[in-house]
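Once you scroll down, you'll see the structures, which are given as structure tokens.
Next come two complexes, and both contain chain A; in the first it sits with chain B, in the second with chain C.
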Partner chain A sequence: MAYKPQYYPGTTSVGKNRRKHMSGDLEKLRDISDADVVTVMGHRAPGADYPSTHPPLKEMGEPDCPIRQLVEPTPGAAAGDRIRYSQFADSMYNAPSVPYWRSYWGAINCRGADPGTLSGRQIIEARERDIEQYTKVQMDSEMTDVSLSSMRGCTVHGHSLRLAEDGTMFDMLARTEMGSDGKVSYVKDQVGIPLDKKVNVGKPMSEAEVAKRTTIFRHDNVAFGGAQGARKFDEGLIALHHMWERRSRWGFRPE
Partner chain B sequence: MGKIHTKKLFVKALNKKFGKDFDLSGKTAAYERKGPTQNIRKVEFMEAAKKIAGKRGISGYNPYVHCGGVPLGQRQLVPYKLSTTEYVVEGDDLHFVNNPAMQQMWDDIRRTIVVGLDMAHEVLEKRLGKEVTPETINNYLEILNHAMPGAAVVQEHMVETHPALVDDCNVRIFTGDDDLADEIDDQYVIDINKLFPADQAEQIKAAMGKTTWQAIHIPTVVSRTCDGGTTSRWSAMQLSMTFIDAYNMCAGEAAVADLAFAAKHAAVIQMADMLPARRARGPNEPGGLSFGFLADMVQTSRTKAFDPTQVSLNVVAAGAMLYDQIWLGSYMSGGVGFTQYATAAYTNDVLDDFCYYGVDYAVDKYGDMCAAPVDLATAKDIATEATLYGIEQYEAFPTVLEDHFGGSQRASVLAAASGISSAVATGNSQIGLAGWYCSMLVHKDAWGRLGFFGYDLQDQCGPTNVFSYQGDEGSPTELRGANYPNYAMNVGHQGEYAGISSAAHAARQDAYACNPLIKVCFANPALPFTWDDIRKGFGMGGAREFRAAGERSLVMPAL
Partner chain C sequence: MVTKSDTETVQIEIFPRRFLNPDTAQRLLDEIYRSGGVLRIMIQGPNLPRAVPYGPGKGLPIEEHKNMLLELGDQAIELRVKVGRIGLELESEEDIEGVRAACERTLPFSFDIKKRQLFHTKPTVSDYAKYGSEVEDKRILGMVDPKAKKERNLAMLSDSRGDS
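Up next, the complex of A and B:
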């Protein structure tokens, strides 16, 4: 029988969503054009050639190496692209994704990707044409809500702040704006350089929708440990306790 | 069911910031983007910078270059209340450069050395046949308090330091021998019986036996100009010269070498160990300061012995400032970000509330402090409860979450509350440490985020070393320190570990956590910093009410 990864325990919506993110079985909610994704990333102009750091691998005369024979290079690696990034900030007010689950998604589903996890942002680095694809998946899918998640290369401050009155996550550099039609547009790229034309990424999810799709446990939505005075541990917490105890008991004594 | 804790100590701080009628549970805010001029300290900085730029001919501080022309202050720049105190200061006032009390706290450690007196007395009595009596000791101490600040004895035509520049320098002795203490002039004694509660005094004297020690604090200006490694050398020179004077010795006789060796090596307790080459610092520098020693330097344990949580919180504050702001933030890294990490642990009564909750929960469930079983189950129970409670407060009070806007701040606070509560519940710092790591993992999985990855790394592998005492793998918490292998890099941990060390002992009503000599040395009332109330000291510094030592204006033209 083929091995079937379990990814994450629990029967709650948060547990299920975490499994979806990790498995890559994501629902596509919107279709941002390739050109718009590239524009917001800000590394190259849409349609411009990919700058390269080395010639295509086929022209390089690679050594006879069993690992190279086993591992097919990603398109970006094969072409010799430079390594670039996209970084997302996700609000703690029920944004669909959270940094560790973006990283798990990246590490499990994206070849040649280097995820980095922080509390207020999550970065994935990869060859340029590869990261563009990975970024599009994130922007198009249920990993992203356009008011609670945004691409921010620097000055990411906002994930833990109260939301602005229009329901969007605070951004010191005001890279996105809410239009009178209720749609969100990027007006600056991910490092805050103003764009020549706005990139419309569509309408935000409703509060009920983000509460349903989120991967963060919150006591006012899906609690991790029940309520104060009446604790009821999620299966994820029970599994976590198990891991912590094993690490504590046997860390330096693997018997 | 556990007792429901309703103190919410942080609400008062929030009311001070946002106004009494503010809806603390609101999840949205009007961002007015008022920029730096919304804040009095930024305005002061800009005005000062303008004058300075004109005078020196090169530009300086300008918050309008902050990020692509978008200045700091797009959100509300809120002040900070020093926990437990009434001091409310601006964030900038808590950067150690702007806060003389913080500087003095570190100066007081770096310039301190404890030197035994018994070995020197044995040399005098057994090798030289001289008589040592309370009278000779009093005479010696009078000469020493003349010489230690940098004044001459024995030699003619020597230069000396201005007494007003070195007025913070002093030497007192302390002893477990009550009879000897009675014979010494009061001005030269740290009186254990007067300064400590009776049961603590008995513990300390029992641990010390009849030994006698000198608490030596060299001038602040000296250790600021040189380094921590200077302290033992400066003190040893003055000690040796003073022995020559007080006991009418020959300045060149070989016995002086014995006295110097005792003062420099054999009878010396440095405040901090030397560091290996890649972090090269001498002794008495913060990277070598153990958590147990720092716990003993803080004096809340003798002035508020009835409140072990308060004791631990003051140790956390001292450690967060020293290890995070000064050691990692400046010695090892440089910059300003570390202050933000550290302040979360000693401002706005958030950690206080979480700790008191955890301790209340433990006492309610297990009957008393130190009454819970010393095992992993206790750590799991208390740390999970304290962490879930803290998470719920951040969720219920969005302005608290906004205060601790970085995950590393929240992780430090939640894990410190868990560790301190577990340590208080069991009287065991290792169980406190286990609680710390349990909290980190619970937090990470609940929210899918923790600190930055380098921060998280330490905590995800940390449980493995809690119960190992083998070299390079572990140590009792009290003996670990800023250079413990897995702790050497990461902000937001070390002060809290010191707090956990302290919590176990404070709960047991121990007089000290690691070393009774350090505890007594820092009870010296002549130290400028407020060692019994760390947060108050930081508040005084921030409010510009604290007068630090090491003053130089006396010998410079007036501004």
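Up next, the complex of A and C:
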């Protein structure tokens, strides 16, 4: 039987969602055009040429190296693109891809990417045309809810704050706005520079929907330690304790 | 046993489940002010900068945060935060119910009201640096951040001292 990665333990909806994110088996919920994704990222104008940091690999005459022969370069690396990034902040109020899960998705599913998780934000860096593609997957799929997640290159504050009255995550730079039709639009790019044209990213999910799709354990949704009064640890927690114990033991007594 | 005097003030904090839009905050403060017994009001929340503070867009104005005013009594103060908590000092315990009723009328979501000491009673080192050794009106203690400008962030709605 072929090996099938398990990614993450647990039988709860959160465990299942975490597995989905890590495996990249994601449901596509919306279709944001490439030009709109590029606009919100703000690194180049849509349709403009990709600036490069080195000539295409084919023209460079690479050294004879078995690894280079083995690993096919990503389109961005082959063309010599710049390294660029996209960074998302995701609310702790049941955002679908709370910290670490975008990074795990990136580390497992994106070639030539450098993901990183900080407090309340997740960044993925890659060659420009690669990161544009990876960002589009994130924005189009169930990893993103348009009111609880947003692309924020700087001034990312919002993950652990209460939501605004309209249910959107707090944004100090007011990059997104909720229209009277209930749809969310980006009015600024990820670093807060106003856009010429709004980028409509559609309607947010309902509260029930985000509760179903989230990857965060919360006492008011799916609790880590089971329901109150009926403690039953999720398999994820048992696995975590197991790893913690082993790591501590190895840390203290490596033999 | 210590008997509380009739004139002892009470401090409470209103903690709504969501951040308030400026117009909701205005309506809530109007209702609270009308309910009476308010000695001090303090508004807290995350900063709403007037310009992009970091990154490639540094210095660009944020139009959405401009011209947000809170009007109370005959004073207006520029709203520079997303309203997240409202601290109040009330004349007496009985005034809490009026505030609670005002919140219930105004807020479309749940809220908590906690009784706690919000404002410090003695001048701190920061107060000494800000106001000098003699603080004439003790009501200003603890009302603004040490680094904030008093003139910009503090408004006196009445000159009558609450405890006199």
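As a working rule, the second predicted complex is superposed on the first by the 247 of 255 C-alpha atoms of A that agree within 3 Å, B and C clash if a C-alpha of one lies under 4 Å from a C-alpha of the other, contacts with A are read in each partner's own complex, and residues count from 1 in each chain.
We adopt the following convention: contacts are C-beta pairs under 8 Å (C-beta built on N, C-alpha and C of every residue); 3 or more make two chains touch, one makes a residue touch a chain.
Quick caveat: nothing in here was measured; it's all calculated off a predicted structure.
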Clash or fit (per the criteria above) of chain B with chain C on chain A: clash
Pick one for A:162: touches chain B only (first), chain C only (second), both, or neither. both
Between chain B and chain C, which one contacts more residues of chain A in the superposed model? B
Please work out whether A:23 is in contact with chain B alone, chain C alone, both, or neither, and reply first, second, both or neither. neither
Does the superposition put A:12 against chain B (first), chain C (second), both, or neither? neither
Counting only touches as set out at the top, which of chain B and chain C does A:133 meet: first, second, both, neither? neither
Contact-wise, after the overlay, does A:153 reach chain B, chain C, both or neither (first, second, both, neither)? second
So, does A:215 touch the first partner chain B, the second partner chain C, both, or neither? first
Output check: A:200 vs chain B and chain C. Expected answer is one of first, second, both, neither. What do you get? neither
Chain C-contacting residues of chain A that also contact chain B: 154-155, 157, 161-165, 170, 172-174, 192-193
The answer for chain A against chain C in the complex is residues 42, 153-155, 157, 161-165, 170, 172-174, 177, 188-189, 191-194
For chain A, which residues count as touching chain B in their complex? 18, 92-93, 97-101, 116-120, 154-155, 157, 159-165, 167, 170, 172-174, 192-193, 215-220, 224-225, 228-231, 233, 236-237, 240-241, 243-245, 247-249, 251-252
Chain B residues touching chain A in their complex are 1-2, 4, 26-31, 67-68, 70, 74-75, 376, 380, 384-385, 388-389, 391-392, 395-396, 398-399, 401-402, 404-408, 410-411, 434, 437-438, 441-442, 444-453, 456, 461, 463-468, 470, 473-474
Mind pulling up the chain C residues that touch chain A in the complex? 16-21, 24, 46-49, 52-57, 60, 62, 64-65, 82, 84, 108-109
